[in-house]
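What follows is a set of structures for review.
One chain, chain A, appears in both complexes that follow, with chain B as partner in the first and chain C in the second.
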Partner chain A sequence: MDMFLYIDKETPVHRLDPRTKLLLMFLSFVLALSFRSFVILSSVLVAVLLYGAAGSALSNLRRIRVVLMMIASFSVVIWSVATPSDSRFLLFSLEGLLYGVMVAIKTDLMIISGMIFLSTTKIEEIAGGLVKLKLPYRGAFAFSTAIRLVPMIVATSYTIIQAQKSRGLDLDSGSMLQRIRKYVPLVIPTLVSVIRGTNVFSMALESKGFGYSDVRTTLLELRMKRTDWLTLGVALLVVAAAFFFNMDSVAYGACLFSVRSGS
Partner chain B sequence: MSEKGADSLRFSRNEAAPSGIIRGDAFASPVMNTRAMRAFQQRYPPKGAGTNVMNDEKAIVVRGLTFSYRGDEDVRAVKSLDFEVDRGEFVVVMGPSGAGKSTLANSLNGLIPRFIRGKYEGSVLVNGLEAAKHSVSRMAEEIGLVFQDFEAQLFSTNVKLEVAFGPENFAVPREEIAERIGKVLKTVNLEGVEGRSPATLSGGQKQRLAIGSVLAMHPDIVCMDEPTTDLDPLGKMGVFTIAKELHEQGALTLLIIEHETEEALHADRLVVMKDGEIAAQGKPGDILRDVPFTDGAGIMPLQIPKYFFELKLCEREELPLLPKEGAEFFRRKGLVLEQSRYKWLLEGDRARERHYGKMIVKAEGVSHVYPDGNRAVDDVGLEIREREFVAILGHNGSGKTTLVKHFNGLLQPTSGKVTVCGKSTAEHSIYEIGKEIGYVFQNPDHQIFAETVFDEVAFSPKIRGCPEEELAVRVREALEAVDLAGYEKKDPFSLSKGERQRVAVASVLSARPGIIILDEPTTGLDYAEQRKMMELVRKLNESGQTVIMITHTMWVVAEYAHRVVVVKDGRVLLDGATRDVFAREPELEASHLRPPHIVSMSNLLGHTLLSVEEMKYCTGGVS
Partner chain C sequence: MNEVFSMWKKTKMVVLVALCAGLYAALLIPFKGFVLIPGVTEFRPANALPVVMGLLFGPAGAWGAAIGNLIGDFFGSLGIGSLFGFVGNFMFAYVPYKLWINLGLVSKQDKEPDLKSKRKIAAYVVVAILGSVACALVIAWGLEVLKLVPFAALASIISLNNSLPSVVLGIPVLLVLYPRIKKWDLLWTDIMDEEDIPVAGGMSRIGGFFMTTSILGGMIGGLMAALGAGQAFLYKGFAAGGDVGSLGVLLVAGIGSVGLVLSSFIQSMPGKK
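Let's turn to the complex of A and B:
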């Protein structure tokens, strides 16, 4: 079973420099965290999805659709119950519902954006891009390795679940506490296997000259091309525009605040 | 960098590209300057050149090496070991588990004592460089190390980048890395998969890639620590073919740690280790002809010399080694296979078949298609009866594990039907099917979790509601069956691999299933442990268990299985009594399986005999 996120394809998004993609992801985070407007958030979501489609990365979103939906529904339910409000229908309030939907969009937007980044950027490119952004190579490598380890751990735990199920472990029954205790036979072998695996991994790394010197060459050539600058320019413009057009509401909020505190 | 500066004669690896000239064209580089060239020749003289003291430098010199692992100080893994390897030599190191082979390998590039800590005495010189005094990455320039676990040593997005990683660390210019990738992939026979993700390669391809990624750094010594343990016969052959070619190409010094005796014959020298010391070394043929020694040293004896040795027909020097030589020798000595005795063996096979019970596992038209569209199992029909001992063979990725996972309901067929003891796996949960059929996974570490062996073995019956009083009885029984009685209070994680494997078997037996599936039960075990494991399985089978075993180890199949099912590309290629299947050598070879030597020899003589004992039993004409 393929557990790796990277989708090996030749698309305009794949051809972008990893720094560009990293920055685009960062900008989408900024937008998601800065605004509360439905219009802006949903247009950003659409833009990100279009970008993902251009990178043929949407198949990976299908893989995490359950997670995305769970987060969304959790957010909607919890906020609509927890938001203070005067008018309630049963437990739920309209303001809470709207707020919950907004938080759901924000969160899913960031996850989707991150997923698209990982689906279209090789691990080596991520490390290379971070180095170009002046991060030390060891740090960049550690970061990219952490990403790489996730699918390895998932694959191992998958085997372990099968092994313990064959011995009669039944995860679907019992009380909450009993169920938690049932995870012990899964967690311990997973930890042991991962630790053993990473031990060999680090020995193999050193045996291939990792850390030999601070000077290092790379096979992949990272260069900001015209399309990169163009993409970044457009993205920055969009962000600026979003802040500009949202100015009214910010000004309105600030005004409201000053009036209240003034009176 | 200071370590490098201290050694002015050396030059960094990217300048050292001219090493290609004595390594044959696979490593030749067009770039070369005269100064580097001169320095290079001083360091690596062509074979047979002069007797300059400097030129006499050995590739590896180990003097008085003693090491004990931290936390285990009382046990010396190697004991004042003296060991030398000449430049260009091909050495195979064998020995039982715990002989100190891996300790030796890991000390060559300084992983011991720099990465793996412990008490270290003596010295290890590699190309004249003291391993313990330099960083592992510095030593990587001199000696490349390939590990057994190919999954954990590959980490790049695609094959090309994997090969590039080593040279990148040594700051080799981009153009030259690209060039090296092409050459290395040609050497390890992986052309055409440059862009593939390592995870999608077969086991054999992965291990060849691991070798390639080390070769790309242009070390002039390569050490491989049990590179073929997890591979199918085809994968093993691939690795040894590469080793042989590299060796023939020139000055590459090659050190391979191996369990398979049959492959060791190609080496210049065979070193047998035992209890941290070198028990014997010499020409592989000489050592392997010494049957009493190999028996005592705990390595697998070569079957042909063992057979002729036990007939006591000739001097040791005359013993043939390979099936063809053996068959000729057999005829020359006027030996014959006794028809009556052979018939008696066949009669024994038939009697065993008559003794089988009712049908217990049945697969009808089973196909399995993975979500990615890969058709791993394709229309398989199989019937297994009570008390059978079935071996399922096939190359890595042939679909044999996928097929077997249908038998206990871990996987559901995309089409077709599986019934176990009359229960359809589609209608019953794994929990229920698991009462009838136990599954021992390949790696015991994927299931061991408890603090004591008792708890580990008691886990399965406990979860199935076995009462407390009976639990103790079940655990005792299971541990006795795997010969681990008295281990109840031990920590399973502190046991050896062979013992952990047996704990895993016991923890499945304690649930008292009528059928037991074993996935590669002998992988990673040494010869004595493999024997012990298989004798245990044989005993279980004789006491009424039905056994289904997946394996790559052909002698195990020949000596223990009653029936062989060969799976190829998701389909059943051959299915029959072991003797009948092993008689069809050409078809086996088509799916990259090779019967053990003794079987091949008997086939050449017109009958199929499965072990040295059977061969001896049927031999007539001994004067």
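Let's turn to the complex of A and C:
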């Protein structure tokens, strides 16, 4: 399984500073959470998808399509059944259906935005960007090292599983609960083999001067360029416009579906 | 709470943060498909790890749980709720090791988390459940503030989803890991400087009591306020609907969450000359 989300391409989005991309992701969360208007939410979703297309990152959405569809289905079904309403068709109400669609768009929008960020930003850039945002270097180092370790740990556990299978462990038969119980003894060798390397890892870091000085130079030089400031300016204008138009509820009253007024 | 920041000067602790985060994320990601609430939480056997990591590695386990959960979120549930997930999972590992020391559940002369006695196993169960509830309180309160998910439903689901693996799976994992971690000198109390390790004492007891009260008060009070607002437990919470974002829930659960953080600062430190 390819665990890396980053797609190595040369696109305008890839060339943006990681701080810009982080802020764009954050602004998309703000927009997703602040509005109930289908017009605004759908527009933001389209904008995010266009941004993802500009970064050639939409292919990664295939990896999470099941999660996105489950969120949408769960939202629509649950809210259309649960929302109080005087008129129903079987168990479902129109207000609940619309509310469920709105919640589905909000949640999927945030997940897609996060996935685009990860698809267009290298781990080193994420760590470098966090340091530029004044996160302590050691914290950013631990974060980027942990991300790099995940595929290695998965590979280790896979090797352990294969070794146990060759000794007669049957992981494929039995109910879901029985199969999960069979995996439990395999967790411990994985934990032990990973944690065993702590002392050697620490010595290797210190032998290379880790922690020697608080002032560090870095191979990756991050600088905000004109395109970054322009992109941020446009994004902030879009956010301001969204809030402005949302306040003008007369113009959009016909399009607003407010199921729970005042909440 | 001092040790949470002073631990970063130790290279071994930084490495343990990375390893704990990587392990937690590696065990979370394969189960992302076993969804309980889409975009929010899923069935998580990996929840056996935070309590164990907290007891063995202290603040490194807490940071590792927080970062590992965030990395796991990258694979299907990254959103604004991830911020509360970060804090919640930090508390999931932090609360157990704080209360192990502060609440007086184990003997002062033998505080090692080796589970070699019934008292220690009982203490483990208590701190694991309190850690699970603390995590649920923070996350459910956060998503109630954002009006995304009803507090009662989410808090009850997360409490169960955290408690069961941490108790059922965590005990055998800790029993097996402790002797090895001790032999390799990787217990957090063996790595950190003595002046940075909180000790049991009057202030620690007060802090532990305050922390437990905040967790239980915030959760029980929040649930009562949520039920009063028309919410319901577990999946019935979604069918019941109810008022998401009601002031009562926000206040009570919010006070519990804030109290949980503030109580971490009340502890006894070794006397400084």
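Quick note on the criterion: the second predicted complex is superposed on the first by the 177 of 263 C-alpha atoms of A that agree within 3 Å, B and C clash if a C-alpha of one lies under 4 Å from a C-alpha of the other, contacts with A are read in each partner's own complex, and residues count from 1 in each chain.
Throughout what follows, contacts are C-beta pairs under 8 Å (C-beta built on N, C-alpha and C of every residue); 3 or more make two chains touch, one makes a residue touch a chain.
Just so it is clear, the model here is predicted, and its values are computed rather than measured.
Enquirer: Looking at the overlay, does A:Pro136 come into contact with chain B only (first), chain C only (second), both, or neither?
Expert: In the superposition, A:Pro136 contacts chain C only.
Enquirer: Quick check on the superposed pair: does A:Arg196 touch chain B, chain C, both, or neither? Answer first, second, both or neither.
Expert: In the superposition, A:Arg196 contacts both chain B and chain C.
Enquirer: Look at A:Leu90 in the shared chain and tell me whether it touches chain B only, chain C only, both, or neither; answer first, second, both or neither.
Expert: Neither: A:Leu90 stays clear of chain B and chain C.
Enquirer: Quick one: is A:Thr145 in contact with chain B, with chain C, with both, or with neither? Answer first, second, both or neither.
Expert: A:Thr145 sits against chain B and chain C alike.
Enquirer: Could you tell me if A:Glu206 is touching chain B, chain C, both of them or neither one (first, second, both, neither)?
Expert: both
Enquirer: Contact-wise, after the overlay, does A:Phe29 reach chain B, chain C, both or neither (first, second, both, neither)?
Expert: Touch partner of A:Phe29: chain C, not chain B.
Enquirer: Once chain A of both complexes is superposed, is A:Ile123 in touch with chain B (first), chain C (second), both, or neither?
Expert: Touch status of A:Ile123: first partner only.
Enquirer: Of all the chain A residues, which ones make contact with chain B and with chain C?
Expert: After superposing on chain A, chain A residues 3, 145, 148, 152, 184, 187-188, 192, 196-198, 201-202, 205-206, 210-211 contact both chain B and chain C.
Enquirer: Over in the complex, which chain B residues touch chain A? Could you list them?
Expert: Residues 1, 106, 109, 111, 115, 135-138, 140-141, 144-145, 147, 149, 151-153, 155-158, 160-161, 164-174, 177-178, 181, 195, 197, 199-200, 210, 213-214, 217, 370-372, 405, 408, 410, 429-431, 434-435, 438-439, 441, 443, 445-450, 459-460, 463-464, 493, 507-508, 511 of chain B touch chain A in their complex.
Enquirer: Where on chain C does chain A make contact in their complex?
Expert: Going through chain C, the ones touching chain A are 8-9, 11-12, 14-19, 21-23, 25-27, 29-30, 32-33, 35, 37-39, 45, 48, 63-64, 67-68, 71, 73-80, 82, 146-148, 169, 172-173, 176-177, 180-181, 184-186, 238-241, 243-245.
Enquirer: Could you pull out which chain A residues touch chain C in their complex?
Expert: 3, 5, 29, 32-33, 64, 66-67, 70-71, 74-75, 78-79, 81-84, 103, 106-108, 110-111, 114-115, 118, 136, 138-139, 141-143, 145-150, 152-154, 157, 180, 183-184, 187-188, 190-192, 194-199, 201-202, 205-206, 210-211, 263
Enquirer: Would you mind writing out the residues of chain A in touch with chain B in their complex?
Expert: Its residues touching chain B are 1-4, 6, 8, 122-124, 145, 148, 152, 156, 159-160, 162-170, 184-189, 192-193, 196-198, 200-213, 215-221.
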